[in-house]
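Dropping the structure in here first, questions after.
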Amino acid sequence: MDPDFRGDSDHHDGTSDATPGGYPKQRRPGELGFAIFLTVASLYLLYDAYGISGFTALSGAGSIPMATTFVMAVTALIVGLRTARLNKVAGETIANDILPVMVILFIGFLIVFGLLLKPLGFVLTAALFLTVSIKVLAHKGWGYTLAVSLGSLVVIWIIFRVVFTVLLPAGILPEAEFIQFFRNLFSGGAS
Amino acid sequence: METLMAILTIFTQPQLLLLVGIGTFAGIYIGAIPGLSVTMAVSILISFTFSWDVLPAISLMVGIYMGGVYGGSRTAILLNIPGAPSAIATAMDGYPMAKKGEAGQAIGVTTVMSFFGGLIGILVLALAAPFVSEFALTFQPRDYMLLAVLGILLVGSLSSGSLVKGIFAGAFGIAIGAVGRDPLTFAERFTFDLRLMEGGISFIAVMIGMFGVSEALQQLQNVNMKAVRQKIDKIVPSFGTIKKFLPLSLQTSSIGVIIGALPGTGGDIAALMAYDHAKRVTKNPEVPFGEGAMEGLVAPETANNAAVGGAFIPMMTLGIPGDAVTAIMIGALFIHGLNPGPMLMIDQPDMFWFIVGALMTANVFMLIFGLTGIKIFTKIVEMPRSIIIPLILLLSIVGAYAVNNSITDVYWMLGFGVFGYFMRHYGYPLGPVILGVILSRLLDDNWRRAIISEREDLGRFFEGIFTSPLSLVLFISVILIFVSQTPLWTSMKKRLFRKATS
Amino acid sequence: MSRKLIGALVALGLSATVATAQSYPTKEIQGIIQWGAGGSTDTVMRSVTPHAEEALGGTVVMQNMTGAVGAIALNYVVDADPDGYTVLMGAENPMLYKVMGLGDEDYSAFTPINILARGTAMLVANNDAPFDDYAGMLAYIAENPGELKLGATGPGGLPSVITAMMNTVEGELDVISVPYDGDGPALTALQGGAIDVMPAVLGAAIEGIRAGNMKPILVFDTQASAALPDVQIATDANAGYATYLPWGPFFGVFAKNGTPEDVIEALTAAYAAGAEHPDFVALMDGRGFTMMNISGDEANAFLSKWQQGTAWLLDDAGLTKASPEEFGIARP
């Protein structure tokens, strides 16, 4: 995807949670915009927090929300001002380093997943998602793609739906009847 | 003698021993899969073991609990998705180790140290339960509030980049925790009059999104990179290594037991506090924290397993649950015809000692299962990324959904995943966000309780702090840690130091 | 294997077409529990359902769905098809959603399958509290206005109703109301001395009382409790309480209105059998609950009486967001 991949040796992409990305003395493309967005959003949340209970009482439901959103707004503003004074990193662009096509594509996949989950049901949506994304990423034949995606889906489905009885959205598949059929099969065999 | 017999009940009945073993084994995997929680597993077991006797049912639950708390570290180390909230701190140094091909070693240390922490927790439960529970009861709302403030100061050690960005992230986390209907007054907070916001934002959804989804999106940028070969020859840590970490693990285990014994705080907070403690007391780690320091694994893992024993202390002595899992176990004991409460220790001391025995056995099983399956587990990281990334994303979705059977949680998880992805790129630490969410309720609720109890009077509030020894100790710790973290102190120390040398 | 699968699929197609002809239940039933794992509602439902399953000959998969005082779970079941495959397992809270501004639906959108049991409220005090009985407590409050810390669990919760009752019967009591997120945490705080008095469900407090970790003050019932026969009852302390008692939180299983008659009948019979099971009765006795096991019109009458009494009590205390009148809840 990215030919001049910088690897994990320098942490500008935030390779782990304890070591976030960014450069100490330079700003990445979009960083200032992000900071401005955070400042504006924090200010709006501060206004919203004020609306909860105002300044009526120290014990009001809005006291802590107001305090935290105030801290958010101030720190976001400081970050924004500091960022504005830095020089841009040479050679980085949003399209290459922050939001490559593949990332946008997958964010799109996830949104579609969220939208289809309820009407289509978990099994079909997940099958679709796994197949398409493995196909896109692995560049392998359909046989391989389908085998891997459906195989792992069956394992996940059995663990969550059958063993832990998590009621994943059934959608258009008659999932419950299916399970009941096998349950009857077993109990029928036992009795 | 009778006590000893009660502890050893478990060995006299092979069936019980087997159940503890099965439970522990299952617990490790339940803990490792994000979205499957010990709480969930134990509540399903209530219906499942309904017709059983009480001892087998409890054996299975104890096993799952012990294994589950430990299992969370697996995915935290291998995939950067903490399988359980108590493994968040483990991901900070565990995942960097896996990236260097040291996953086997990381899991080995984690296992041995979890065993050690678990042991300390059980010993305290067995020997000092009444004292600890009495101490835990003396915590007043203001003490819980101070404890939360102490926790929030951990932001300093969790954000290795810019401190200002860390503070922002922490405050953001607290705000996330406040979303929804306030449980104390039912006032709507940050709901924007949307019905789907009323239930608040699931903490698990935030955690899975920020850690799992953002990591998966991150890795999309280098799909074709060869996976790091994992060295799996030195899994069991040497005696020297264990000895080196002994003092630290004793301290962090104590933190775990106390935090675990407090009703309302559990393994997640214990692990984060222990991580912070380790960072503070370890002057010269071999590898810097955040890049794969062993101390960063030892501390949270000893603490969260010690918290298991801790959580049983108020449950067994007072009938008060130490955390969500013990709350369900209390329900289970009820269903099986026992009356868990302060009288249980007096009426049926055997039950207490049986649980101690079962916990001890589960702890040993955890060590055995933990050290044997590592090779297969580390293979996960060596799988091609083109397969593992879609699977991580799918597991994240199922996991976020499973917690509360809510599609809204899935949307939150995806939203926070994308947001976390940007945060990473622009140098905002993610740890403090999670810390803020965990501590939000503790801080908010107890602040309000404390100030309502003092009739909105700040003077009386501080009077209360200064007249109670416990509050005073907590207050002074807050001040000391705060001062030691601010730039003012560092520059002052520098100046003082220079004067002294010149 | 594949032949088996094809067989399964064919059977599936057949079963889908003849589903109506087969007797209910043809698939597993979702039981949505309004409260979290380990709570009273959860414990009650998880202990009665296995007995009901036996009578029903089907599987009930129970899920905890928490949030917004149970409104999330209620709305989930309201949105589901009324086919009897999604039932709500809840407590008394939905009856107050409308007046508390928490939602637009309550149990009037549901058919009660079984109202299993009712809890009894009581007052318990910290051992160090400077009084030992109800009269002593009132005297202490009168002498020290604004000093007594009374536990609460948010508007609409049991403590708020009991406090409203006390304020109505005894006149305004000047106390500090300290909110907790459930009676469990509040009773813990009571033992640690963070609050002085807590209105709680008898079952939640009984073990602490037996061990001498807290002292009983008053039982809110019209007759003495079998578990605590020596504790004064509210109607003895002040006859004014008779207007509102007996009162207590309850647990029930509900199906959405519009569910086919035969399905309601099957479920009702199953849960009635489950509620009669000696193990369940013993469990409820042990936790200090009063068995009710009612359904149909009897349950509906109970629900509307409960709602009228409680909603107006809260409204008179000024705790509601909207008047009960707006929702056609008549004054009792």
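Points worth noting:
Letters A, B and C mark the chains as written, and numbering starts fresh at 1 in each.
The rule is simple: a contact is a pair of C-beta atoms (placed from the backbone, for glycine too) under 8 Å apart; a residue touches a chain by one contact, two chains touch by 3 or more.
None of these values were measured; they are calculated from a predicted model.
Considering every other chain in turn, the ones in contact with both subunit A and subunit C prove to be B. Relative to the C-alpha centre of subunit A, the farthest chain centre belongs to C. Centre-to-centre spacing of subunit A and subunit C amounts to 38 Å, using the average Cα coordinate of each chain.
With centres taken as mean Cα positions, subunit B sits 22 Å from subunit A. Inter-chain spacing, taken between the CA centroids of subunit B and subunit C, is 32 Å. Annotation for subunit C: residues 63 touch two or more other chains. Touching of two or more other chains is recorded for residues 40, 184-185, 405, 448, 452 of subunit B.
In subunit A, the residues that reach two or more other chains under the touch definition are 165-167. Interface residues of subunit A facing subunit B in the complex, by the touch rule stated above, are 1-2, 5, 8, 13-24, 28, 30-31, 34-35, 38, 45, 48-49, 52-53, 57-59, 61-65, 68-69, 71-72, 75-76, 78-79, 82, 97-98, 100, 102-103, 106-107, 110-111, 113-114, 117-118, 122, 126, 129-130, 133-134, 137-139, 148-149, 152-153, 156, 159-160, 164-169.
On the side of subunit B, the complex with subunit C involves touching residues 39-40, 42-43, 46-47, 50-51, 137-141, 180-181, 183-186, 195, 198-200, 263-264, 314, 318-321, 324, 327-328, 330-331, 334-335, 337, 339-343, 346, 404-406, 445, 448-449, 452-453, 455. Listing the residues of subunit B that touch subunit A in their complex gives 33, 35-36, 40-41, 44, 80, 91-93, 95-96, 99, 158-162, 164-165, 167-168, 171-172, 174-175, 178, 182, 184-185, 187-190, 192, 211, 213, 216-218, 220-225, 289-291, 296, 384-387, 389-391, 393-395, 397-398, 401-402, 405, 407, 410-411, 414, 417-418, 421-431, 436, 440, 443-444, 447-448, 451-452, 456, 458. Partner subunit B is touched in their complex by these residues of subunit C: 36-39, 42-43, 46-47, 49-50, 62-69, 71-72, 75-76, 100, 102, 146, 149, 154-156, 176-181, 184-185, 187-189, 191-195, 207-208, 210-213, 282-283, 286-287.
Touching subunit C in their complex are the following residues of subunit A: 165-167, 174, 176-183.
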